[in-house]
Structures are given as structure tokens and as C-alpha cells.
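Structure, as C-alpha cells:
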């Protein structure tokens, strides 16, 4: 949905993605308008599958120009793709595809907690967060809480992003809303439905953009606009804690 | 050191490794006798670096015949290596090396805790444990404790090996000794020194093998032979627990 | 006595029947997710489900989820890895069966979820997501579709998820479940197996944009049992996925 | 007033001086580990250390460690990843400086830790470990050696860790620290910079198995300060690494 919003707002020249839509409703109307009609501007689309995007970021994270894979063979995603090419297995096995590294200029990842150095604890849904943080030229960590160093150091296996990869760390509670943050926020489903409904027309999108982006100077304003009742409903108050792990030497 | 012991006991025909020795003292005498003199039998040695071994296992873990890398260029490890070959970057960058997958018949990994399905929680030193568990045809998990399912499910990000990859799970406290297990056992340094001293000669090794392997029917016997005082000294009683992570939905 | 049921509910039951006990299942959202839960609750208690975001579960989430990253899908999971980790397991050949939906299909089981000009003007669809990867790498795939003439085409405009093709390395479409019936694809081409109760061969032929042989005496799809229906209605209490209107794409 | 000190203590100090503040350092065991701690405690408080087993620390372990996997090296780490993760960071070019030891060296900085017939009969050494990877991929390397004629050879029998060679992609040996002096390799060939106090050019020439130019007026290596010595003796109280007898290889 974030892709769709950026595209609909005219901020995107090129999309490299496996899926652009709205997890609630399917189609992304902003994406469709741009792709089908060039409104508000024409975009270049580079289609991937989830795994080829994952490998493209992983290649960059590993400092490699490409990674080989068997996915996609026989389909149209890889046919004539500027960044996916056939390669031989140098050991004589069946041919593969090489997926070129994607090195983002900036990755912005939201985590539960980090210290002031940017050493970041993340749990729950990982997806491609870690690969993106490693792959990008600059990585910005936003977090629910900035915590004392000792919290991070109590569980080094939970530190999925070492601080020296991080350009900036920002304490921004609720920074991933309307998406969920395990243990902190539930998914706010209503904005997905609302956006799907409003973005169906260009006028609807513009009104949405004004109300939910342009007129809100910062994240705190977003939370206020969302309303206290919603915030209260979304905030996780229960505790289901991870079993103890002893790091005593 | 475990490599050296297997080699010295005559159980090894071929070694694929980046380093064979004794972390305490350097040289592995059993390895040297086999390599230099063919005693007790000749071994085939396939030298790697840490990263090429890591990539070989990772390739198998990813279901790939090889992974590319820039490591090793200009050195003798990769020159004429049967499982490392030059490859071009299909996107026109500098040449790389392809490291062929290594698919072990069996991986035996020791973890802190697992459930009866083999879903395994591991923390502390990871090295190549996870890659090995994924890469192997059969994976045996030994653990300090078999725990109820709910313990594992309380922290799914700590489950580095999903149970469906695991052929067998064994509760064997102290199963990694004399090596350490974070939060459970300290490294027992004395056996490293002892083995280094005893294994200097073939006779010394044979005496060591009798005392510490052949005459000990199982791990419990090993712990008894080690002595209560040593076991007490090595067992971690302190608690330095990981900071709480809330998984409540 | 059989209660009344929706076509989507019947499709869920048909999906569940495609899962054998002990299998490793690449689970999608919507109907496949419900099918996985139903199979677990009935004939396949030891099936394990992988989600493309990295989650591995051996039982369905305790609460309703809109997306696989929603907190209830994380809480109680056996493992929560990254996208590349589960895709690696898929590429290794560890996944027995995967589910994919599509906007368009051809007789070889090629699916299109990328773009189509089938209705005259260009329509952009969300893209592959993990569909192309599951189609390429799973041991077999089960396809789930709306049965409409514009969706069942002699040739799809774009092959997002490859069906059967010469030289395929592994897997391919095994079964197609539609709003009208269940079809076999294991021979390489669509063949009707059962039609849903009340559906006639003529109806199916009219809804299929390519020639399709259907025996006149073809069996009816076995309807859901009351237990199966009870399970589905508990899992999708508001009929979000199994009500009368199925979401496209 | 300068206290007496061992050559190994001086080598630790020389190693520390090679680390600049804020640098990302690939740390080895033994002298480099002490050097890293010393640098952190003095002129490089913001240096970060990577260990090849996956550990990342921004301060030394609280207790003495024999191996990088020992529990005190995990407890309080900022991150504990896998071997391939830190090697990926190395391959990405994120590591400024790495330390390597060797059994033999040549004038181009090639190191051999694999096998040698230099003393007449074949001697098998432990192998590369991470040495070959650090030599290939770090921004620059610092080499640490025993200075003996049989170790300083015109050509090494086996290039485990490549030194300078035409077409090198990145890095290469910058500095060599021996039991006799500090040498520069940044120009592509060994060149004496300082000799340790009391060491004569003649001594060094005799201990070097290849021609080596040394200015007669060459400076002496600056001795450890009392603070530096105090740090080292606290970190290695029994002189395990810094006593008179240095472990080979």
C-alpha cells in the first residue's frame, strides 16, 4: 500500500517489485493509473517475484553482483528482464538464472527497539528487513523505543542490524502504523479499506493524501488524527513474553 | 579438535575444512600424522577458507549448486580446487569464483533446547550451525533440554532450525563438552590442553582414545569420568537473561 | 444432513483435501489458509505450513488474520525466519505442495497475475508476489481460481506463474480448484475431475475460454461435512473470505 | 619511566596503533584481540570489532577468552550473527582493517598457514581459517609474525592468504608486525619502518630469508606506555598470549 501511495502521489519514476497492491483489497489503484494511463506520471515497472527481489537484496547484502537461482524459469518475469540473465552451473548441472544485486540508496526499517548506536532488536515478521538494511547505502532505523545499551547487549542474537550499518536511528512509536509491530501495535485494518476505497479515483486519492499526509506535519499528528479510541484499540497491552534465554558466561 | 580426534582414530578418508587444529595449541597432531605420514591412514585434504566452507554449506542450504564469491582470488586454496571454479559475472563486472555446494550426509548440532518435533532454540555462538542443519541430508539435534512446545512457540524468532528438517532429537545435557554452551556450560579448557599434549605421539593418542572414548559407554560416563568438581565448575549457575520480548498479538 | 454452504466454503474443503498428512505446505492467504487449517483439524494433523514472509506454523493462528504478517500469525508459530530462508527451503525441494491463485489461466496451468489486455484495454494486476516462486519450486501446486470465461484463456498475456512446460525441473500444477469444479493438471493439461454440486458440464464449458473435455457422467464434488463447515465458520466468522463475493486476483 | 615489557606486549601495542578511531575491525584471537581492546581503551573508543564466528563487539569481553566462541565473548556483544553474515559484511567492503597471523611470509605479504617443506620435510599446518578471507576482502590487513629466517622466505610454498598481486580488487597487506620490528607493505613490498628497541638492522637481515632494505638510522618502535602495559596485563594476567613463548601458527 505504501508503494501505491508513493506512486499515486507522483513521487515514483520506477518500481522494482514483486507485488504492488493493497493487502486488504488486491488492486492498487494508484499503481494501475500510473501504469495503465500514465497518471499522474508514467512509471517504469521492473517485475520480480518475491524470491528474486529477496535474492537481489541478499546479493547486495553479501557484496555480490548477483545470486543464482532456479526460480522463475519458464515464466515471463525473467524473459528479457534487464537484471535477470541465464547462467551456466560451472559444475555442469542444469542452467540457472542470475539475479542482479539491488542496492537501495536508502532503506528505512522499523523495529521494536534500538540503542543510540542503531544496534536494533527486531522480532516477529522479518520478511526482507534484514537484507534491506544490509544492502542499502544508507539505512535509517525507526523504532518503538530507544533503549539503554544494556538491553540490546542482553540478547545479541536478537540484534539483527548492527549499529555500524545504521545512518540514523529515530524513536518514533507507532511509526509502522497502520501496519503491525509485534508486541506493540496491532494491524489497523480500517486504513487499508479506506485507502482502497478512496484511491479508486484520482480525486479520492487527492483528498486522502491531503487528509492523511499533507495536513499531518508528523507522526504524532497522525496518531492524534487517528483518534484516541483507535490508538487504544491498536496498542498491545497483553504480554506473551519469550521464554527466558540465559546468556551468563 | 573433534576433526583431529576422528582423523587420529582412523575414521576419516577425506577432510573438507578451512582449519584443522586445536584452538588451545595450534597444530593438530593426529591430522599432521595422517597428512604427513599416512598414519594411521592416508587422508585426502580439500582445503577451504572459512568463507568458502560457509558458502558451500549455504549453497546447499539454499538448494543451489554453487554460490559466487570474491574471496580467495590470488591465493592457492582456490587454484585447481575441484569444487571452486572461476565464473564470469553475467552482468559484466569482475570475475568471481563459484564455490560448489557441500551437502553433508549428516549434521549433528547441539542446541540449548528443542521440542519433541526438533524445533530448536539456539543462542550465543552460531558459526555455521544453521547452514549445516539446512544443508544436510539428515540432521540430528542434540540439546541440553527437551522442553514443552509452548517454550519454543513463545519465541519463534529463536527457532533457528525448524523441526521438519530434523531427523532425530536427543536430550543430552553436556553434549557439547568440552566446548561451551551459552548459559549452560563454560568451556572446559583442560581437555584441549590434555589432548594437545597426549596426541603428540601415536601411543599417547591411543591411550587418550581408550580413556576418553572407548572406555566411556555414553555421555553420562564422560561426565562422571570428568569428575563432579569439574562438572560443578563448568556448569553455569548465574543468570543473565535476555531482555523481555513481547509476542502478544 | 448437509447444511447449505457457499462455493468458497466448498473450495476451502477441496483445498484441504489436496493436503496429505505430514506434508510441508506453502500456504497462501485466503482460501488456502483456511484449507490448511481445515486439513490440520481433520485428516492431516502433522502437516506443516510455510508462509512466504518467513513464518512456519504447525497449527493455524488463534485469531483471524488479514495478512500473513499479522501478529496472531507470529504468536505461537514454531519459527519466524526471513523470506529468503523459507524460499531457500522451497528451492531445496523441501516443500511438498503450494497453493497459488491467479487472475487468468491457460490449459497448461500457466497463471497470469501481472497484466492483461484480455478485456480490450490494458489492466495492471498486482504481480507475482510469491506465486511465481511456488509455481517454479514446489513439489506440486494447487491452483485456485474464479471460473469465468475471460479468466480461462487459450493463452494468457503474461506467464507470471509457469505451468507445465518442456524441461521443467520439478513440480508443476497438479490440481485446479475453481468456483465451478475440481480439475486435474498432473497429465500436463486441464481435465475435469468433479463439478461442484448443481454445476452442469455445459455451464463449465461456457465459463471456460478454451476447449475442455468433460465426461457427461462426471462426479459431483463431495460437499463439506457439517464438521468441516463448522471449522470454516469458526475460522472465518464474518465470511470475509468464504462469503459470496470473492476478491479478485 | 618505562617498565620492562615482553616483545609480545610491544607487538600488541603496535597492533593497537594500526586501528583508527571509528574503524570496523576484523579481530583475530591472541595479539590482535588484545590490540583491539587496547585501541578501544586509548585512541579508538569508537572502533567496532567483528569476529569470524559472527560476534560483533564494541568493547572487549569482560573475562579472559581462549576462543572467540567462549561465553564471555558472547555475553555483552552488540550482535551475535552467523559466520556468513560477518563474512558478507567483509565481502561488502564494510571492514576497514583485519589482522592475520601466518607461519611463513614472502616479500609481497603472501602468508602460508597451510603446508610447508621449508625445513626439508613436509609439515602440515592448520589451514586458512578466516585468514584467506580477511586477506582477500578487508580494506587493509595487518600481518603478525614470528621473525625467523625459516618463516621469511623468498617464496612461500603455499599462498593461504594472498598478499599483493596484480589485479587485486581491494585492500592488501598494509603493515607487518613481527617480533623484531614494524614493516610497511602498502607500497607492495616489505619495507622496514621501525625496529623494536635493542634490535639491530643486522639482526633483522639475518632473521629474514629474503633481501630487505633497512636504513641505518631507522627509528625504534615506540615502547609501550605504563598505561598500555597496565591494560595488557589486566587483559592477559597470566601472560597466556603475551608471555615470552609465543604459540606458533
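Labels A, B, C and D are assigned to the chains in the order they are written; within every chain, residues are numbered from 1.
What we mean here is this: a residue touches a chain if its C-beta (ideal position, glycine included) is under 8 Å from a C-beta of that chain, and two chains touch if they have at least 3 such contacts.
Computed from a predicted structure; not experimentally measured.
**Q** Could you name all chains that are in contact with subunit A and with subunit C at the same time?
**A** B
**Q** Find the chain most remote from subunit D, comparing centres computed as mean CA coordinates.
**A** Ranked by distance of C-alpha centres from subunit D, the top chain is C.
**Q** So, what's the distance in Å between the C-alpha centres of subunit D and subunit C?
**A** Once rounded, the distance between the two centres reads 58 Å.
**Q** Using mean CA coordinates as chain centres, what's the subunit B-subunit C distance in Å?
**A** 41
**Q** Determine the centre-to-centre distance between subunit A and subunit B, using the mean Cα coordinates as centres, and give it in whole Å.
**A** Centres of subunit A and subunit B (C-alpha means) sit 35 Å apart.
**Q** Find every residue in subunit B that makes contact with two or more other chains and list them.
**A** 63-64, 69-70, 123-124, 126, 152, 157, 182-183, 186, 236, 240, 247-249
**Q** Provide the list of subunit C residues touching at least two other chains, using ranges where the numbers run on.
**A** Touching at least two other chains: 55, 70-71, 74-75, 80-81, 90-91, 137.
**Q** Based on the touch definition given at the start, go ahead and assign the chain network to line, ring, star, complete or other.
**A** Chain contacts: none of line, ring, star or complete; other.
**Q** For this structure, enumerate the chain pairs that meet the touch criterion.
**A** According to the stated criterion, the contacting chain pairs are A-B, A-C, A-D, B-C, B-D.
**Q** Mind pulling up the subunit A residues that touch subunit C in the complex?
**A** Going by the criterion above, the answer is residues 17-21, 23-28, 31-32, 35-36, 47-52, 54-55, 58, 69-77, 94, 123-131, 179-180, 182-183, 186-187, 189, 192, 236, 240.
**Q** Which residues of subunit B touch subunit A once you look at their complex with the stated criterion?
**A** Of all residues in subunit B, those touching subunit A are 63-70, 83, 85-87, 89-91, 93, 96, 98, 100, 112, 121, 123-124, 126, 147, 151-152, 154-155, 157-158, 182-184, 186, 236, 238-249.
**Q** Could you pull out which subunit A residues touch subunit D in their complex?
**A** Going by the criterion above, the answer is residues 61-64, 117, 119, 134, 152-153, 156-157, 159-160, 162-165, 247-249.
**Q** Over in the complex, which subunit C residues touch subunit B? Could you list them?
**A** 24, 48, 55-56, 58, 61-63, 70-72, 74-81, 88-94, 137
**Q** Which subunit C residues qualify as touching subunit A in the complex?
**A** 52-55, 66-67, 69-71, 74-75, 80-84, 87, 90-91, 110, 114-115, 121-133, 135-137, 158-162, 165, 167-169, 247-249
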